[in-house]
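Same chain, two partners: subunit A is paired with subunit B first, then with subunit C.
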Partner chain A sequence: MSWWKLLGVLLLTYVIIAGFTVPLKPGIALVSPQSTASNSTLKLSIEGYNTHFESGKQSLEAWLRLDSIHGVQASTITVKNENLIEATFAVGSIENEFADATLYVNNNIDKTAFLPSAIRITKNGDESNFSKQLIPFDRLSSKPGFLFPYREILNETIRNTFFHVALWMAMFALLIVGLYNGFQYLRTKDIIYDSRASSFNMIAIVYGLLGLATGSIWARYTWGTWWTTDIKLNMAAISMLIYVAYAILRASVDDIDKRARLSALYSLFAFAAMIPLLFVFPRMANVISLHPGNGGNPALGGEDMDNTLRMVFYPAVIGLFLFGRWIATIRTRIETLFYKKSQLE
Partner chain B sequence: MKKSFLLILTLIIPILLMAQASQDFLRSTGKIYSVVAALVIMFLGIVFYVWRLDKKVKQMEDDWDD
Partner chain C sequence: MNPAKQILHLLQHQFKLESKSPHVLAANVLYVVTIIFIIYRIFNEISPPAWVAVFWIVFMFTTINVTIHSYSKEQGKSILFYYSIMHPLALYISRTIFNFIVICISTLVVYLFMTIFLESPVTEHNMLLSTVALSSLAVSIIFSFTSAIAVHTQIKHTMMTLLSLPLIIPVVLIAVKLSLVSVGTLIDDGSATDYNILIGINLIMLGIGSFLFPYLWRS
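Let's look at the complex of A and B:
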């Protein structure tokens, strides 16, 4: 057994265990009501996730942020249980027609849980008896430790990053290996390169189809639908159709050399077609996508990926690639045996 | 044709089953079970491919005997 096969399996084992057991940071799941008028008293019910409102009662504070630095602190907080509080805010006047206020709940155990645009405040009069305060940003901090970030709507499904996203990355790496071997076949006409190229392309196609299926489930529980007209979904589906045609092409040609030449040429075309479909079109200006990281900024940078996610995501990509390489080498060996047998006859 | 039909079936049946399953369950505990569902689909898809490879080897074994 080669070391990389074991490494692939170990990495995937680590990914499944860490990917499912590392907890999420404390977050705010739901507030109600979700809108109010300025210059009024607001009684807000706040539902937390992985929070310790009861245990951290002594240091509990809640803030509504009205502009970049100012906000209002909750005058009273009633703790119902670890994950539920009721806070009363005296909301003052706002400058614009409306403000989407971010909610911060802070305590010693959870540090700061926050919900961006938690409440829409509509303007109701200019004068105010309520005073605004400076938000104590020095006191607000994220809970330290090996914890995955909490995002509203995504919740625990942020863990799909290690499966759905990693499948696409591993697919792309496998396709590059397949493409390289296709080139080598066209250069040398050695049939071993055709076996390798087709094996790597086939497992990559399987990964791609699974990427579509896992993405569909993720979409169902976050965007609320199995499939949308999102550009990345449709472009990925088109590039998968192009690659499925590759599999059909191979199945429909019986002559070994002809099949090798045709499929190597076709895979060049398929790969060249995939680059604009997956990497250029979704990043073009004026393209709206539900996927993170579109419209110029890559998904792996910025705030969509944090370092704790990366510590599981990169092993997932490498593990899936090595596992795919293992399956591809098994198929290569089968193909080689087929070829040797056909030479004997 | 039969193979690709089976492939599609393998991927779609779990999705349909989940659509029938209690929405409350899949949405409970921060929707963690939808991640489990994605992992199960991934596993089944790879198993299906390995099963097809297995059939290929079987075909060669049978040819060898002839």
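Let's look at the complex of A and C:
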């Protein structure tokens, strides 16, 4: 047994166990109301996720941040249960027409849970009552330990990073190995390279389809739809069409050498045609897209990744690649056997 | 013979072949006219964005039709002779130039009939013309390669469509965007980038096509 097969399986096992069992950090799921006017008393009902409001009651505090460093503290907090509190804020005047206030809820057990742009405060009348305080940022900190970050909208689906994104990256790595082998076939005319190229490309197609499927499920839970007109989704789908055409081309030619030559040529030519689809269109600055990574890499949209996610994400990419390589080597062996059989006949 | 002479010679040969069978040209014109007439009967009056969409769809299918015709003729023994004495690159380039000319002519025919039946909403003719020229070039570069692959399979025509259509999607997407600017539906922001991408696609596909074609030809 080769070491990389074992490593691939171990990494995938780790990814599945850690990816599904590591809990999320405490977060704020919902606040209501979501808008208010300045110079008023605001009674805010705050719904937490994975929080311990009841247990951490003694040290509970809530802040609304109005600008970069100033905010107002909740005057009274009523704890309903572990995940529900009601906080009363005396909101003073604001400088601009409106302010999107970020909400922080802090206690000893959960540390800080926050919700960016939780509530929109619009300007209302008298502008003399600036009752702002400095927010004690030294007291606010993220809960330590191996926990995945909480993001509103994404919620628990953040775990799909390890499958959806990792599948695409592993698919690319497999495609490049497939292309390399295709090119080697054209140079050497050794049929083993064709078996390898087709095996790597086929498993990459499977990964691509799985990537589309996991992305579609993700879109259903975050954007509310299985499929959108989003450029990145559609370009990915077209690329899959190209590779399905490759599979059909292979199936339609009987002669082994001819099939090897034609499919290697088509895969190289098609990959060049895919460059604008995958690397130019999605990165254009004026493209409107819901998908993360606008104007940059769609897979590694910087701000959404943190170190705990990376500790599972990179093993997922490597594990999926090694697993795909394993499947491809088995398929290569089968292809080689078929080839030998056809030579004997 | 030097490469330029070879290309010229092959082009001459292809046009001679073409002139021997004028019914192919007539068939293609009839194909275009029928499609556009059906569209005219369906829409009667057509909005500019729909005009652009119809124009590029007709463009896609007409070009595929024209290119397959020009290739399936060359199955005789005479071409085998040419294949054995000519450089593969000369073959690819002459094929591309021939397809480019044929596609340009057929696109002109499409435009002509679409103007006759469905009034043309184009306000910036230069823009449409340059878009058509650049995308015809890209399409002929791609089709020359894929049709050379497709003729080796058992289901030539289906395979040609199957292999080519996904590859020309980026070209058509940009062409549609530029055409929408040329009919005044879309505001002109970043047309220069689109032209650059179109030229970039042309260069990449021509480069990879010329690099790979000798491997295809050596069988």
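Here, the second predicted complex is superposed on the first by the 337 of 345 C-alpha atoms of A that agree within 3 Å, B and C clash if a C-alpha of one lies under 4 Å from a C-alpha of the other, contacts with A are read in each partner's own complex, and residues count from 1 in each chain.
The rule is short, and it goes like this: a residue touches a chain if its C-beta (ideal position, glycine included) is under 8 Å from a C-beta of that chain, and two chains touch if they have at least 3 such contacts.
All figures in this text were calculated on a predicted structure; none of them were measured in a lab.
Engineer: Looking at the combined model built on subunit A, do subunit B and subunit C fit side by side or clash?
Structural biologist: Once both complexes are aligned on subunit A, subunit B and subunit C fit side by side.
Engineer: A:V280 in the overlay: touching subunit B, subunit C, both, or neither? Say first, second, both or neither.
Structural biologist: The answer is second: A:V280 touches subunit C but not subunit B.
Engineer: Residues of subunit A touched: more by subunit B or subunit C?
Structural biologist: Counted on subunit A, the partner with more touching residues turns out to be B.
Engineer: With the two structures laid over each other on chain A, which partner does A:V31 touch: subunit B (first), subunit C (second), both, or neither?
Structural biologist: A:V31 sits against neither subunit B nor subunit C.
Engineer: Classify the contacts of A:Y266 with the two partner chains as first (subunit B alone), second (subunit C alone), both, or neither.
Structural biologist: After superposition on chain A, A:Y266 lies in contact with subunit C alone.
Engineer: In the overlay, answer first, second, both or neither for which of subunit B and subunit C A:V253 touches.
Structural biologist: Once the two structures are laid over each other on A, A:V253 reaches subunit C alone.
Engineer: Please indicate which partner A:I238 is in contact with in the superposed arrangement: first for subunit B, second for subunit C, both, or neither.
Structural biologist: second
Engineer: So if I put the vertex at the Cα centre of subunit A, how wide is the angle out to the Cα centres of subunit B and subunit C? Nearest 10 degrees is fine.
Structural biologist: 70
Engineer: Which partner chains sit in contact with A:I16 here, subunit B, subunit C, both or neither? Use first/second/both/neither.
Structural biologist: Only subunit B; A:I16 stays clear of subunit C.
Engineer: Just subunit B (first), just subunit C (second), both, or neither: which does A:I109 touch?
Structural biologist: neither
Engineer: According to the stated criteria, A:L140 is in contact with first (subunit B), second (subunit C), both, or neither; which is it?
Structural biologist: Neither partner.
Engineer: Please provide the least distance in Å between a C-alpha atom of subunit B and a C-alpha atom of subunit C in the combined superposition.
Structural biologist: So the smallest C-alpha gap separating subunit B from subunit C comes to 14 Å.
Engineer: Which subunit A residues come up in both lists, the one for subunit B and the one for subunit C?
Structural biologist: On subunit A, no residue contacts both subunit B in one structure and subunit C in the other.
Engineer: In the complex formed with subunit B, which residues of subunit A make contact?
Structural biologist: 16, 20, 24, 29, 49, 155-157, 159-160, 163-164, 167, 202-203, 206, 209-210, 213-214, 216-218, 220-222, 226, 327, 330-331, 334, 337-338, 341
Engineer: With touch defined as at the start, can you tell me which subunit C residues reach subunit A in the complex?
Structural biologist: Touch residues, subunit C against subunit A: 142, 145-146, 149, 152-155, 159, 162-163, 166-167, 169-170, 173, 189-190, 193, 197, 200-201, 204-205, 208-209, 212, 215-216, 219.
Engineer: For subunit A, which residues count as touching subunit C in their complex?
Structural biologist: Within the complex, subunit A contacts subunit C at residues 186, 238, 241-242, 245, 248-249, 252-254, 258, 261-262, 265-266, 268-270, 272-273, 275-277, 280-281, 284, 286.
Engineer: Could you please specify the touching residues of subunit B with respect to subunit A in the complex?
Structural biologist: The contact residues of subunit B facing subunit A are 7, 11, 15, 18, 26-27, 29-32, 34-35, 37-39, 41-42, 45-46, 49-50, 53, 56-57, 60, 63-64.
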